[in-house]
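Shared between the two complexes below is chain A, which has chain B as its partner in the first and chain C in the second.
After this line comes the complex of A and B, so read on.
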């Protein structure tokens, strides 16, 4: 009986494991190997093993990479606190007992299902210089002097992209926070009511402390989202103007598929992956210690 | 009492504002698609179409015949990926939830680890691999990587679903003489239907909108999927017809929006589940 069960398990997992092995694990390991070589896709000569040279060049010599790194950090530093605070507020509002709640939830979560490339097209259009609704709106409210070629000007392009990422980030993160809020037992708020707490006190002393789990998740998603931002930038600016919106992902992608320096690109991709893994490991640790204290 | 009413007004007002901001981009495109080309290009933009009509929707397939190809490609690819992922993940999720076998936790751990890796890491070797196999620019060349990248999360959700089913049902079935496979497809699959819908919805949405792999692994126009194709349509003419383009954008997001409106519950739960345990 036991023998039998043992065997069937392997049959059940075989299709999944073989596909994941050949199209995930193997490429991930191959990529690590390539990152130690000077592999160029269009070059017919055999790639040479050059150990950490790609990594050293990227981190210490390649100013374009460091600039892309800076922009990725900038996106994270600006958008993350805003997304976190705004989506917490939105989630708290969506947890109130009011009429038409489901309509509000639907409206606020909807951006989640608009695919990245379609929303990039829409936003590019919103920002557009002559036909864009943003400039048109500014003119109508007599702020015409603020009109701008938002994505074309090196000074504003990155901020225009950050604004869009905040728009899409709020939808995801308010779902995460709302999940945490729903899990908070009603009795705590009732007890608070008896003690005569006001709205602000409830938020600071009951809601926020009990949302530690969602907070940590939101920050993992925040890191990952900032490092993985690609489609919107690729479509809206392609990294331009003057490389001001070049981020780690677009940099890596261009190295891999435009100049075909795949060994170098793999090293750059691995730096991204390592950052993500370190940060999520750190976050998991924090989550664990929080649980331990509780 | 007065304060309470004020509070309510404040809540409604803020929610209306946030909803407006979050819906605005899609709403604007929807309204634009109902405008004539002349109205779109006039210097004074009205949010509401002055003379709403469906002209753009009637013309879009005639003027942009490629759009039909893109829709066809996306439908075939997404359909096959969703169905295959469901079947494969149901089996694997069941095994991880209910069966004991060597290395199960190590295997599961490494499958879940894959979720965090940015796509560009495995994309580069997949590209060279597919070039060697000669399957760039084919359906299969996109379908397999899509299944591979959808599986980890799908397995995770299915495992959670099957773990939630009570042991006693399984025991009763075994006493009644069910074989392992019968137990799986006659009892476990119907009981796990919620997880199956969640996986179907999340997989559909992520594949229907996927850009990076579709953009890199397909170079021929006739094999393009919708998200990539629409960007190309926009690029081709540059300044051409925004009315048609917005109609095309609306058509391409309608399936996702309808699915979301019908199955929102599953979608939201899927994200929360993934978040809480992931």
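After this line comes the complex of A and C, so read on.
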């Protein structure tokens, strides 16, 4: 009877497992294999096995890749701490019992429900040199000297995109923090009140230590968000002006689907995957809870 | 045990539903008794070109044929290529790929040469340079549905206001590129004296990232100056005097503030700016005139050939190309191409309504606008990007380096030199 149940379980999970195998494991293995070849989809010649040549070219010779890598790092270094701190502040504020709370919560969560492509178009309009709301606003408040060609200037384009990614990143992360905040037992704050703690002490000694779980999630999403940034850049600048907003994902996409250098693109994608895995692992180690759980 | 029975029943049911959905519907099986012609086209093609009308007309003259029109999201041909690699095709005839995207399918042997058309319509009737766009080893594989040529679209009212008029009140057009610069300088204005420029003298689509349009203005300038974009071996002549002059011209305009500052961000920026009155001259495809006139009034916008282009030509491209894969109904597709897509009513309709240049010379005789003859004559002597194996890589690299120069990230000569070095080993 026990064996029969065991077989039945296998039958039940078979469809899901086969889907996972064909749509996840097979592409992962196949793309790993391709990353060691010089496969160009539009090429008529047979792809050759070239071992680590793609990886060596990418990491040591390809200045475009290294530039994209630098921009990705810059986005991560600037946006990650800002998103984390601002999300925590927003979540703490949204956890207070204030008037019109639902309106504020809706406003903060709005970027979550707007598709990435649409918010990129909206931000492209906001930044527009002549017709953009940002420059118009600056003029209206007599700060016309700050008006700028935000997406057209190589010096500001990347920062304009970072600002947009912070706006969208805060939404998801504050939801995660808010969930963690709601889960903190009220009794702990009451005990703190009895001990005479002030607002800052409550935040530092009660709230933040108990938000370790959400912190891990937020940082993993932060790593992935920064490295996987694509839609906003693709729509707003396409990696330009020149290549000043080119990041790893846009670089890989162009290699795969514009010049069809599939082998090279797979190697680039694997480098990205390794970076994400390493950072996530490091993050888990650093923020490991006592029980080793999230 | 009961669970297993339920599982088997469910599996049979799901399989039944799946198999029945794979069956042809009644309508489809009725159609399959006749001949079916599957015509695929990029979505935008349906607006300027009367494809639906063409399908109906073709069905009326060929009662045994059913034409199925489909809008396709294809822009680079990747999905089509994947189909063709498996010796299958979704469409018997496809409209929407530029000739430059057809190199790989041609090399892989997926496309039919279209030379059969020339048995019905002599080759001489076509504008020769457009045929060359899709030609390899004297065989045409991609036939342009329409042609585009780089010109300057200008605001008549702004020219008049700036005093560029003769005694009869006619607009005086710039005759040299130096004059274009002078015009741009004079036409750039802060109309309300608030310290910001309200009208820029000139703009052009100078994008370098996704569509690499920055090349167009440079190629057009070089050609109109009598320079050679390609050398005698077919390499891009990036170290020529004219090439440096062309890029320096754009850099100077930008540096001095006469060029629309963000026309390199997005292709639509310049188009919208012209339509909203923000620019006085726009170096672009001739067919943009129609949409501009719609917005600013027919009397306020017109086009001119590039300075020197009448003698030396400009830069041309196919608006979009027509291809026939080997794996569909070739005869029917070829027939539809000859009878409908190359017909006078079809091409003239797109020219009259949307300014799309017919690819057959004699079709322009019935077009009202006086500039058509000049455009056709000019197209015949203009430069076109030839079929190039590593086209995308070449376009990427050249555009990136041009963009570096335009934005002041590198000197013009260094940019041109870098572009030359980076493309010299690409496959032609």
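To be clear about the criterion, the second predicted complex is superposed on the first by the 281 of 294 C-alpha atoms of A that agree within 3 Å, B and C clash if a C-alpha of one lies under 4 Å from a C-alpha of the other, contacts with A are read in each partner's own complex, and residues count from 1 in each chain.
Keep in mind that, in the parts below, contacts are C-beta pairs under 8 Å (C-beta built on N, C-alpha and C of every residue); 3 or more make two chains touch, one makes a residue touch a chain.
Bear in mind the structure is a predicted one, so any value in this text is a computation, not a measurement.
Shared-chain residue A:144: touches chain C; no touch with chain B. Contacts of A:114 after superposition on the shared chain: chain B is touched, whereas chain C is not. Using the contact criterion defined above for the overlaid structures, shared-chain residue A:169 touches neither chain B nor chain C, since it reaches no partner.
By the touch criterion defined above, A:8 reaches both chain B and chain C. Within the superposed three-chain model, A:225 lies out of touch with both chain B and chain C [touch as defined at top]. Once the two complexes are laid over each other on the shared chain, residue contacts for A:280 go to chain B alone; chain C is not touched. Touched residues of chain A, counted separately for chain B and chain C, are more numerous for B. Of the two partner chains placed by superposition, only chain B is touched by A:25; chain C is not.
When both complexes are overlaid on chain A, the residue A:241 reaches chain C alone and has no touch with chain B. Residues 4, 8, 12, 41, 131, 234, 257 of chain A contact both chain B in one complex and chain C in the other. Of all residues in chain A, those touching chain C in their complex are 4, 8, 11-12, 41-44, 124, 128-131, 139, 144, 147, 149, 151-152, 154, 234, 237-243, 254, 257-260. Contact residues on chain A toward chain B in their complex (touch as defined above): 4-6, 8-10, 12-13, 15-17, 19-20, 22-28, 30-31, 34, 41, 89-90, 93-94, 96, 98, 103-123, 125-126, 131, 133, 136, 167, 170-172, 175-176, 179, 199, 213-214, 217, 221, 224, 227-228, 230-231, 234-235, 249, 252-253, 256-257, 262, 265-266, 269-270, 272-273, 276-277, 280. By the touch criterion stated above, chain B contacts chain A in their complex at residues 7-8, 11-12, 14-15, 18-19, 21-23, 25-26, 28-29, 40-41, 44-45, 47, 88-89, 91-92, 94-96, 99-101, 104, 107, 110-111, 114, 116-129, 144-145, 147-149, 151-152, 155, 180-181, 184, 205, 208-212, 215-216, 227-228, 230-231, 234, 242, 245, 249, 252-253, 256-257, 259-261, 264, 267-268, 271-272, 275-276, 278. Across the interface of their complex, chain A is touched by residues 1, 3-4, 7, 76, 78, 81, 103-104, 107-108, 194-196, 207-210, 261-262, 264-266, 269, 272-273, 276, 278, 390, 392-393, 396, 400, 403-404, 407, 409 of chain C.
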